[in-house]
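You will see two complexes here that share subunit A, one where it goes with subunit B and one where it goes with subunit C.
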Partner chain A sequence: MKKSHLEELSTIFENDGILHQQEDMIAYSYDASHIEKTPEAVVFATSTDQICKLMQFAYREDIPVTPRGQGSGLSGGSVPIEKGIVLVLDRMRKMLDFDPENRLITVEAGMTTSDIDPIVASADLFYPPDPGSVTFSTIGGNIAENAGGLRGLKYGVTKDYVKMLKVVLPKGDIVTIGSKCVKHVAGFNLEPIFVGSEGLLGIITEVTLALLPIPKHRESALVVFNTLNDAAQCVSDIIAYGVTPSTMEFMDKTTINAVQNFKDCNLPRDAEAVLLIETDGEKNSAIGEMKNIKKAAEKNSFRSFSLAGNTKERDLLFEGRRIALNALANVKPNLILEDATVVRSKLPDMVRGICEIATKYNLMVGIFGHAGDGNLHPTFLIDKNDTDEMKRTEKAVKELFRLAIDLEGTISGEHGIGLEKKPFLEDQIGSAGIQLLCDIKRTFDPKNLLNPGKMFDFPNSTSN
Partner chain B sequence: MMVQRQREQAETHLLRAAQEFQKCMQCGKCRSVCPVFKEIGNELYVARGKNKLAEKIVSGDLQITSRVKDAINECLNCKTCSANCPAGVSPEHVVLRLRWYITTREGLGLFKALVFRQLLWRKWPIIAGAVFIGFVQRILLDIGPQNPVRHLFPLFGFSKRRNFPRLALRPAQSLYPEVIPSKKGTPVKRIGYFTGCAGNLIYTNVVKSVVDILTGYGYDVVIPKDQKCSGTPVLANGDYEGAANLMEHNFNLFRRYDLDAIVVSCSSCGLALKKEIKLFIDNCDELREFCDKIYDINEFLEKEVQFGPNDLGRLPYRVTYHDPCHLNRGQDVRKEPRSLLMKIPGLIFKEMQDAAVCCGSAGSYCLTHYETAIQINNHKIKNIQKEYVEYVATACPTCIMHIQDNLLQHHSGEKARFVVEILADSLRKAGTI
Partner chain C sequence: MKKSHLEELSTIFENDGILHQQEDMIAYSYDASHIEKTPEAVVFATSTDQICKLMQFAYREDIPVTPRGQGSGLSGGSVPIEKGIVLVLDRMRKMLDFDPENRLITVEAGMTTSDIDPIVASADLFYPPDPGSVTFSTIGGNIAENAGGLRGLKYGVTKDYVKMLKVVLPKGDIVTIGSKCVKHVAGFNLEPIFVGSEGLLGIITEVTLALLPIPKHRESALVVFNTLNDAAQCVSDIIAYGVTPSTMEFMDKTTINAVQNFKDCNLPRDAEAVLLIETDGEKNSAIGEMKNIKKAAEKNSFRSFSLAGNTKERDLLFEGRRIALNALANVKPNLILEDATVVRSKLPDMVRGICEIATKYNLMVGIFGHAGDGNLHPTFLIDKNDTDEMKRTEKAVKELFRLAIDLEGTISGEHGIGLEKKPFLEDQIGSAGIQLLCDIKRTFDPKNLLNPGKMFDFPNSTSN
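Right after this comes the complex of A and B.
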């Protein structure tokens, strides 16, 4: 980056708000995916105004800008693939307004998601989306990726809670979209276009989120199955039964054993699969729902069905699920975690298909995930230094996406396209779909300077 | 030119670092827990960033620049990252390996070489220096811990804002014979005591408390005269070989005395002898036996000693407890010190918020990185002050030093004490010891 550029940047960001040394560039060259690229400068924003000035500057000087929250993304979204400037938002973490009467909270986009809960709990409210990364991802990153979580089945995902956004557009204009009202139709319904936009259309700086009352009661159960198929079928049946658990998590045998090796969470090592199910709400209805779940489970020859008797037992159950990924990470040196997702009725087909793919390519796979919403995390356990295994994994991943699409599912349930899944997006949405995305992008960002190279190839862009 | 052996050693350090950082999934969870990152807010200083730096150094894409050194020196070895890492990485070991790698290649520098290889080994110059300073502190300038000795600190690159505790006039070890007999006739057991330099030269009252309690409850206490530094400051400062020499020395020394157990009153020395020593001495039966014998003093007292109903005198204090990183995450000892305190009649135990968060001391870190160390510590002080306590108890000399310093900066008086000191007060009050 030119000296004059750095000088101009330092007039926008204070002294400790800008980095450009080689070592720092390495530190901002990656996220939780497998791709890295060093930027030329990193800036730390503390206000919307600074970001507005930054984008005016970047547009004038043709410099790419990549927004970044905490860099916990799994699809390479905050990797500055076209170099340029990384704009870090994690210092914009103020609570701006808490409005318990209307069940709303307005925060800066760099606030860590789990920081919201202690603030709103004082009014008996909670913010439902809870990605596995709640304690370290930003709310802005969650919105940009439309993050989901364990409670997605009953409570939906990030997009269901975004009421208002303050966004800096690529050329530097600041817009506030949405409304605090429950109902509003003033203009196009614009909020959703930024939810899941992966930092390509604008930089979210402030957000107003809807909150819900904390459920009064919770029932948690562990259901153990002798076959994978029974477990997957049971999920479909429970939904068909008309019950909506707040959580319905799935773990296969590989995952169960990885967890047990990592930490004893009382999971049965010889089971083929378990479901971890929770219902919540008024006490009687939560209990009633759980009874219905048991009935649905009975149709699928489960081996055991045990209710958590107290908070400690419940915590232990959930601990197992929470540490699943960590536990799997300890089985082999590396892993590739996917988030292929299908409609719930297709879950048995999906699980079977994944197992077939793993067998075909002689790979170890652990399957766990948010079974209730069809969002599975098939996790290939590999050793990156084993080139043959890596080749087989690449093929397997490709086939996995094909399978999801063939089952009318999606290649990403929550982690986004970014760089990791860019080659597969056209398979799902077709060339006309890609064209539409490009046209939208061009409307917002004609020079393709905001997070370029992600999601799809912009015509004339220099990206590969 | 580096000699062959040194080069090999340096390569081994890189290899070991690589074995560790390769497990990192780059998830970013450490961002939410690393105390240094919380203050500095630059990814370069968080565990994940340090792992990435190590990766680049190993692959040859990055040289050891001054900024690299700066980044790897910004680590408290507090192990919070390891304790929370989903993938089971120990980033502080990556940091240590890099420090060892760098000093193996570049040499220690005059000051560190003098201290780690000469003074700590010979001991007497340090003792003489400490006693001299202690003398000056008292006789000439007896104005408590806020004494002007600190004006000498910038000479060594340390901040002079630091308040420094009074050094002893006589090293604790010189107050006792090598074997201190039980006060209760035939000894129950023979216990070795590793006093640590801080116990020997600064916090002599801790040594006295430990000796009084143990002999008072019927143990013979053996303080081998030739014990040397445990090696912790040496290894943390990048001197692998210096640390290895010290570890080997203490290992061989203590084995010569027929001991049932060895107690340690400094959390870092305890960690060094219980666990870190395994990085320096090849695994063997003798080593396992040695490590199994090491107990933190709080752990030992809680496990071994039955305090009778009338043994403990009333102490009407409110006391809170700060978990030293090397005791809590390092040795999994957290219940014991609290439980000892709670045994004392009249004492009201107040659990403070974030008791287990690092106080920022980290041995010499708080000397060399004073400003960040104090920023980290400010959270601790706030949490202590919220409890309105007479004392904050802990079990690590450098925590005490740092917390006490900052308490004074916050006009909060002399409040930081060792758990065993308070316990001994109570036992003495009842006339038990």
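Right after this comes the complex of A and C.
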């Protein structure tokens, strides 16, 4: 990067807000995906005003800017693939306003998502979306990726809780969009377009989120099945009984055994699949829902149904699910984690299809995930040094995406497109869909400087 | 309209799908607002394909097109202010797919919204948004206006239920956006931008909506107050108790008396205000919530609290609320109905402010509306032939919008901007906000031919 550019950045961010030595760049060259690219400079914003100045500068000088929270994304969203500047937001972590009467909180975008609950718990409120990264990812990153999590079926995802956003647009304009009101129809509905925009349309600096009352009671159960199909069918049947569990997680035999090898969580090693289910709300209501869940399990030749008798038992159950990915990572040197998603009724087809693909390409696969909302995480367990296995994995992933699309599902339920799934987006949304995305990107960012190279190829982009 | 244009339209829509005689135009020149303009032709679509051809034709020939459902909008959204063609969608009313397993229904956009519930009730499901016009407005119109209704507090508004849309873009391209999946992050979140876009960005032809299980039990109560402030404060206190009623409607003394003059609904004529509250869910849970509501009422010197003992009593209570607008329309020759909205905690300030404005301009006002979500309907009762009163009303409305904005609220909670509130939108969202709307409109509709003249002034528009 030119000396004059670094000087201008130093003026905006002062000395402790900028890094540009080659060795410092490495930590900002990757996220939780498998892609790396080192930036030319890294800046640490502490105010919306600094970000406004940064974008005015970047636009004048034609320098790409890639926003970054904690770099925990799974699709390459914060990797500076076109080099330029990485803008880190995690120093902007202030709580700006807590408004319990209206069940709202306003925070800076760099706040860690799990830091919200301790603040709002004082008023018996909570923030429902809980992606796996909730204890380290930033709320701004969650919004940019429209993060999901374990409670999607009952409580929805990040986009369902975003009320207002302060955004710095690519050319440096600052806009506040949305409203604190439950109902607001003045102008186009713009805040949702920034949710899940993967940092391509603007830099989110402040957010107002909706909160819900903490449920008074929870019931948790582990249901064990002898066949994958019974477990998947049980999910559909539970919904058909009119029950909406707050959590309904699935783990297959490979995942169960990986977990048990990692830590004993009392999971049955010989079961083909388990469902980990939670209902919440008023005590009678949560208990009543759990009774219906047992009925659905009985319909699908379940092997056992055990209620967690106390918090300790409950925590142990959920720990098994929470450590699943780390446990699978211990089985083979590498893993490819996907998030292809279908509607619930197609879960049996999806699970069957994943197993067939794994068999066809002679790959080891662990399947776990959010069965309640059809969002599974098929995880191929591989060794990247095994070239032949890598080739087979690539083919298997392609076939997996095709399967999800054929089942009217989506290639990404919660991880985003970024770089990892960019080659497959057109299969999902068609060329007219890609055209629409390009048109919108051009409207906000005609020079394609904000997080360039992601999601789709922008015409006349410097992207190769 | 030129003969050759009419001939081309006749080719697309056949003889029974087009009107162009002057006398036929009148019925398509107005909606439920106070603005009229006659179109040059009216066409009745029966397929997405016809609409695609219409837009290709309109774009080639530079003819404005204004989409219309049942013309029940309250802000002028379907009035063809730039003349041209009115496109009526109410012949597209087919149910395309009911998918109870995934709690989804797909219908054509011209279906009347209340026609959805009888279809889905067979699987114990319902479609929650219930605008006042639910029995005659189309679901496409509801989506274009992001319609609200009585259940917003607990169940949200139209945008919270739109999963997928088939849309004909202004130049004639057909796109399908969104996903049936609970989680979907492949590409920008585009469907919400069409929800509430008031027919400016595309023509919605098919919609997939999320459904919820019908609550097993309801509790309904009428709470009577001696002061407006007590009623408004009670709303905030109910929420503070962690209760989320499914309905919490407010009526002031003027409205109560107008209703009682219209039909005896057992409302107390001498009360300053009443709240009509409903809780729903599992029986114990709904009853428990209602107990907390009574506690909040006691805190605010309520005069009486009466539970509906049976369906008949409940229906009578709700009838009083449902006929409120018609009842107020009987008090004076005309009325100006507004939907300025604030966050719940600001309701006491808002109610006080409305009364002060009415006093200042010597106007009669009835206040009713959805107190639970801060969405009141202050309704000025006037005689349009009284020039002085009209002038005072205009000033009062302007001051009302200012009050809503000053209280961090919105000039429109559920009726939309259209023509009625267009002069006030910049006060709400600022010039940067207007610029963003123009940029997005230009992206979709560079010639400004789809519903031109609405919401904001488009630069180089033919709008005067």
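Criterion: the second predicted complex is superposed on the first by the 464 of 464 C-alpha atoms of A that agree within 3 Å, B and C clash if a C-alpha of one lies under 4 Å from a C-alpha of the other, contacts with A are read in each partner's own complex, and residues count from 1 in each chain.
Keep this in mind: a residue touches a chain if its C-beta (ideal position, glycine included) is under 8 Å from a C-beta of that chain, and two chains touch if they have at least 3 such contacts.
Not measured: the values here are computed from a predicted model.
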item	value
Fit-or-clash call for subunit B and subunit C when the two complexes are aligned on subunit A	fit
After the two structures are overlaid on chain A, angle v-u-w for subunit B, subunit A, subunit C in degrees (C-alpha centres, nearest 10)	140
Which superposed partner A:Thr244 touches (first subunit B, second subunit C, both, neither)	second
Partner chain(s) touched by A:Glu101 [first = subunit B, second = subunit C, both, neither]	second
Touched subunit A residues, subunit B compared with subunit C	C
Partner chain in contact with A:Tyr30 - subunit B first, subunit C second, else both or neither	first
Subunit B and subunit C, minimum CA distance [Å, superposed model]	20
Footprint overlap on subunit A, comparing subunit B with subunit C	none
List of subunit A residues in touch with subunit B within their complex	19, 21-24, 26-33, 44, 70-72, 90-91, 112, 133, 135-137, 262, 323, 325-326, 329-330, 333-335
Complex contacts: residues of subunit C adjacent to subunit A	99-104, 124, 145-146, 148, 152-153, 156-157, 159-160, 169, 173-175, 177, 179-190, 192-193, 195-197, 200-201, 213, 236, 239-240, 242, 244, 281-282, 284-285, 288, 341-345, 370, 373-375, 408-417, 421, 425, 428-430, 432-433, 436-437, 439-440, 442-444, 455-456
Subunit A-facing residues of subunit B, complex	22-23, 25-29, 31-32, 41-44, 49, 52-53, 56, 62, 65, 67-68, 71, 85-88
